[in-house]
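Two complexes follow with subunit A in common, the first pairing it with subunit B and the second with subunit C.
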Partner chain A sequence: MSALQELLALPDRRDNPYVKEWKDSGRRIVGSACGYVPEELIWASGLLPYRVECRGCTETNLADVYMHRFNCTYARCILQAGLSGEYDFLDGFCFLNGCEQIRRMYEIWDKHINTDYLYMITVPHSIYEGGFKWYEEEILNFREQLRTNFGKRISDDSVREAIKVYNESRRLVEKLYDMRKAEDVPLSGADAMRIVLSAFHMPRDRYNELLAEALGEIESSGEHVEYSARLMVGGSAMDDPHLLEIIEDLGGVVVTDSLCYGSRHFLNLVEENGNPIQALAKRYYYHNPCPRMLGEYDNRLKFNEEMARGADVDGIILQKIVFCDTHGADNVMLTEDLEEMGIPVLTLEREYMLSDIGRFRTRIEAFMERIARR
Partner chain B sequence: MKNMQASLGCDAGAMSTKTVVLMDGTVIGFDITRNEGRLVQAIEDSTSRALEMAKVTIEEIGNVGGTGWGERYIPFPHLSTSAISALARGVNWAHPGVRTVIDLGGLSTTVVVLNEDGRVLEYRTNDRCAAGTGFFIEQAAQALELGVEELCPLAQAAPERARISAQCAVFGESEIVSHLNEGEAVSSISSGIAYAIASGAATMLNRVGFEPDLLVTGGVVKNSSVVKALEEIVGVKVEEIRFDPQELTAVGAALLAREKSLE
Partner chain C sequence: MGNNHKDRTIFENWKTTMELALFVLDQEGLYNLEDWGGREVIYDILPEGMLENFDMIQPALVDTIIKEKNRPSAEAFCKNMLDYTNFMLEGLESGIPLAYNYFAISVELCFAMGIMPICYELICGLTAALYNNGCEEGIDRIEAEGYPDHLCSTQKGTAGFLLMGVVPKPDLLLKPTTPCDASNKLYEWTAHELNIPLIPIESPYYRDERSIKYLMDDIKRMIEAMEKLTGNTLDEDKLREHVGYGNETVEYFIKTQELKKIMPCPDTGWHRPADTIFLTGIGTPMSAAYFKNLYEAVKAKADKGEGVIPEGKKEKRFAWGYTWECYDLPFFDWLEEEHGVTYMADTLTYFDPDVGMIDTSSVETMIEGLAWRVMNMPMGRQTMGFSDMWISDFETVVKGHKADALILGGHMACKHFWALNKLMSDKIKEQTGIPCLRFEMDMFDKRFTPPAELRRIVGEFVETTFP
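Right after this comes the complex of A and B.
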């Protein structure tokens, strides 16, 4: 299997060969539930960070015992996976108060699922000097907790090493995004997403090797995707390439995104010199902000515009999961302002699990008719 | 003089009204009438049909019990009881061994846990959401252009099961239409609907922490594939109901009215 094929196979929690190999060799795994969790620290502890996903979740009957139907299905699907034992391989799980739904789910997880170590990193909901200090202290605490729980002191040098590994991923992923900016788009958005998501579910050094090789394969293949319109996707947490396939089956090609499982996770490097904890705190606290951050709307608008213009898109699809308050409010404002800038926007509401595809498709079809360039 | 042995119970539900006439511990009259938006009329019709079947006049009734969403619209004197107590009483009378009953009604799902005397130990009703109720089944059948009664045989014969997330009764319908347009077989969609409803019911049961014997009541039970799917999910056999599944709340209301009069 070539490197590209390996990344496209996109392992998930239920049948992940890297997880199996890691565990078989006696090493341990710590999950993370948000893009504000500094994975480098977990890696520097000799642990495998695993950003939780719940692709393929079809029902939430176990989770609904503890959460309501007016909680978002992303949080409920993660809880469902936990309750049904699919995350039993986690030795620890780091939550973050990214949004209220996940923060609440943490308490339920703590009560009903036996993960050895649970963490909650809290990040202030706005960006200011004191908030930065708070977050920096939270990271120091997290480092200390990892040391206590897993018995390995995390030296500054090992954090620096981890930063290098993770920065390497960031550079490679950025290169993948750059390649998709071309007039001839070398691969579908769904495939690009598979490649990007794989980073969260395998050892990062191995991922870097595979991705470097895969980028070469893509470049030399000379293939490109036929399309009638170039699209960007933004909005709520989204880690399911099938959603992009629906869009691309209708003739569009997704060439970029402003997603927390996508560009927002990988853009913004960590400084490699100086105090590594401070460097991590800086990067994660000040990176392209999630709508959880108050007072940062202008930056998010700017980021969305830059990503859209940079990839020469014909339109943006801003999706949100039902009951996602953070993206719900942002999507409405972004739609108004981006439309005013001359960028067509479609807003879509969806459940985390793929359902009701017909309704989805009808709306995307109409949008494609509006923006198609050929 | 009134015949003190005869009691009447009326359960004015969200979608239909159920009336029973009890005599010496036997149901001698029973009727279900769809409300069709005219609740008082439905109550009157249902009552007179049940009396007619029992061959008893209203004057011969000793005690009247009323319950259900529309209880306050019952236009004759009656003892009012909550639907929860009425259900528990009716179930305990019909199936004394049952400790948990889940009622899948027109617009609500109710779980009641009772002790051996029929006393309510714990109960839950659904969120303000119609996903998984009788209303949803009717919507679903309509979307498939089928009668509600046709869903069950189709579901039972289905070789496959379509995925219906049914997070919402309204969008559940468009989910079904999506499946149809994708060319999914009507039978597998029917099976998916039964599973989705059972899955919601299982969640309610797990929320309460139920114990067997388990009984399922309410109009939705008439689709036995829902009961089958529920057994599959919770891993517990559901008791075979000995009465019409929509009857027992009205029976309970009649019994409670009679017992009150004897105090």
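Right after this comes the complex of A and C.
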């Protein structure tokens, strides 16, 4: 199997050989559910950071006991996976007060799921100097907690090494995004998403090797995707390439995104010199803000516009999971402002699990008629 | 019967409503409209200019406040609300900067800086409590812009009223980052849509010294930002005066809270939404006066050994682990009269009895005290951090007030609550063995769980659990 094939296949596999190998060698894994958790610290502790997701989730009957139907299905699917034992391989889980639903999952997890180590990092909801200081202290506390619980001292040098490894991923993923900006798009958005998602579920140094090789394969293949419109996708947490396949089956090609499982997770390098904890805090706190950050709308609008114009898109699809307040409100504001800037936008509401595909197709088809260039 | 906010602002309507209510309450022997000759008689005696307003008011609300048992506190509410409304209108008239603020923020600082703060949530809440059409027009207006129905109705209502032009546009917005994303997002929308500066104030997740210091620093940042925006500076004596009113408010609030432990409970349930309304005005003399008047009214009942349920009915004491609704205040009176159900406390009206008074000796001590107060304000205290605080507060209420049942009427938009109410009901059941009712509602939008449905849900629970 080539590197490219391996990265494309991993997100759809039920068994993850990297997780198995890691556990078989006696090493431990710490999960996280938000892009504000500095994975480098987990990696520097000799642990495997694992960003949870639950593609393929079809029911939430166990989670519904603790989380109501007014909680989004992204949170409920993660909880469902936890309650049904799918995350029993995790030795720890670092939660974050990312949104109302994810932050409350911490307590439910604590009381009803048997994960050895749980921690919560709290991130301020606005961006300013005092908030940065708070977040930096939170990261320092997290480092101390990891040391206490997993018994390995995390030196500044080991954090610097981790930063280098993770920055390498960021550079490679950025290269992948750059390749998709070309008029001849070398791969589908769904495949690009598969490649990116693989990063969350394997040792990052190995991922870097595979991705470097895969990029070479993509470049030398000379293949490109036929399309009638170039698209960007944004909005709520989205980690399912099959959703992008629906869009792309209708003639579009997704060439970029503003997703927290995509560009927002990977863009912005961490400074490699100086105090490594401060450098991590800076990157994670100041990176392209999630809509949870109050008073940062203008920056999010600017980021969406830059991503869209940078990839020369014909339109943007902003999706939101039902009951996602942050993206629910942001999508309305963004739609109005991006349309005013001359960028067509389609907003879609969905559940985390794949459903209601017929309605999506109809909406997307109509949008494609509006924006198609060929 | 529309709300007729078209040619009058909502604040002006509130003023007329309070004047009208005091006029009605002033009528000798009027404890029941039907006995008195019905609504027609009121039409005959109402002063000119009040008729239209009278038609806007929920008829059942009028029937409730004129009852003999409710009169003293109704008078206290209406008189102080009229004073408070006049205070707001005079502030607006004078041209001082207007701030819309989220409930549970240190508005004493605004008064000390020559800024008129009005609670963004009060606008929707009081309108929902008083009028037939409530806040639904505002909600529909903002939802017509595409905003999701699952955002909070209290901000949606006010946001819609802003678009309708029935409340004035503020000069600045003050928002703590607690309790939820839903509220944060509509403040952000308001700032963006109306081009108004927004000052966020952080809400630390923990309750340790580091968190108090962090919040104090953020309050200082808020003062600096307000100074920069308005050019006004902080007057220490003014701050002392308004912090004093706030202390008085909390003192009487807690005293009344303690009286509710008496059996039979001497305090009626509809006071809880009314308390929240006045907590939004903490730091004003009107808020302090309301809680003092309320305490005196409840104490008088307690001293006579009187309860709020009809004689001969067995009292069932309910703790509301989340919140009240305010679109149907007579519901609480109905629970008392029909089912003998009394109301202990809810998240929006529970103060930790040990919260303490603010030391007014210096600006620094007042800021420290305000930070601690914000961390302990009802709802802020429970929603700011881990759920343990919320759950343990209601263990305290259930045990301390000898509650017979826990009611978790969940406000649709509160995602954080929907993810903890099972934990709360499990814990309280395990600790005390009392039954729990969990159901869906919206605190302000009556269309979600209409009054009749609300009565059916809670009524059936009472009938089946306490046969």
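Keep in mind that, in the parts below, the second predicted complex is superposed on the first by the 370 of 374 C-alpha atoms of A that agree within 3 Å, B and C clash if a C-alpha of one lies under 4 Å from a C-alpha of the other, contacts with A are read in each partner's own complex, and residues count from 1 in each chain.
Criterion: contacts are C-beta pairs under 8 Å (C-beta built on N, C-alpha and C of every residue); 3 or more make two chains touch, one makes a residue touch a chain.
All values derive from a computational prediction rather than experimental measurement.
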Combined model on subunit A where subunit B meets subunit C, clash or fit: fit
First (subunit B), second (subunit C), both or neither touched by A:E351: first
Partner chain(s) touched by A:F132 [first = subunit B, second = subunit C, both, neither]: neither
Touched partner set for A:L62, first subunit B, second subunit C, both or neither: first
Residues of subunit A touched, compared between subunit B and subunit C (which is higher): C
Partner chain(s) touched by A:R359 [first = subunit B, second = subunit C, both, neither]: first
Which of subunit B and subunit C A:A329 touches, first, second, both or neither: second
Which superposed partner A:T73 touches (first subunit B, second subunit C, both, neither): first
Smallest separation in angstrom, by C-alpha atoms, between subunit B and subunit C in the superposition: 5
Overlap of subunit C and subunit B interfaces on subunit A (superposed complexes): 65-66, 68, 70, 322
Interface residues, subunit A side, partner subunit C - complex: 65-68, 70-72, 75, 97, 99-101, 103-108, 111, 120, 122, 124-126, 128, 130-131, 134, 137, 291-292, 294-295, 297-298, 320, 322-323, 325-326, 328-330, 332-333, 335, 347
Subunit C - residues contacting subunit A, complex: 145-148, 150-151, 175, 177, 180-182, 184-189, 191-192, 198, 200, 202-206, 210, 214, 217-218, 221, 386-388, 410, 412-416, 418-423, 440
Residues of subunit B touching subunit A in the complex: 127, 129, 131, 163-165, 167-168, 171, 174-175, 177-179, 181-182, 196, 199-200, 202-203, 206-207, 233
Interface residues, subunit A side, partner subunit B - complex: 58-59, 61-62, 64-66, 68-70, 73, 322, 351, 353, 355-359, 361
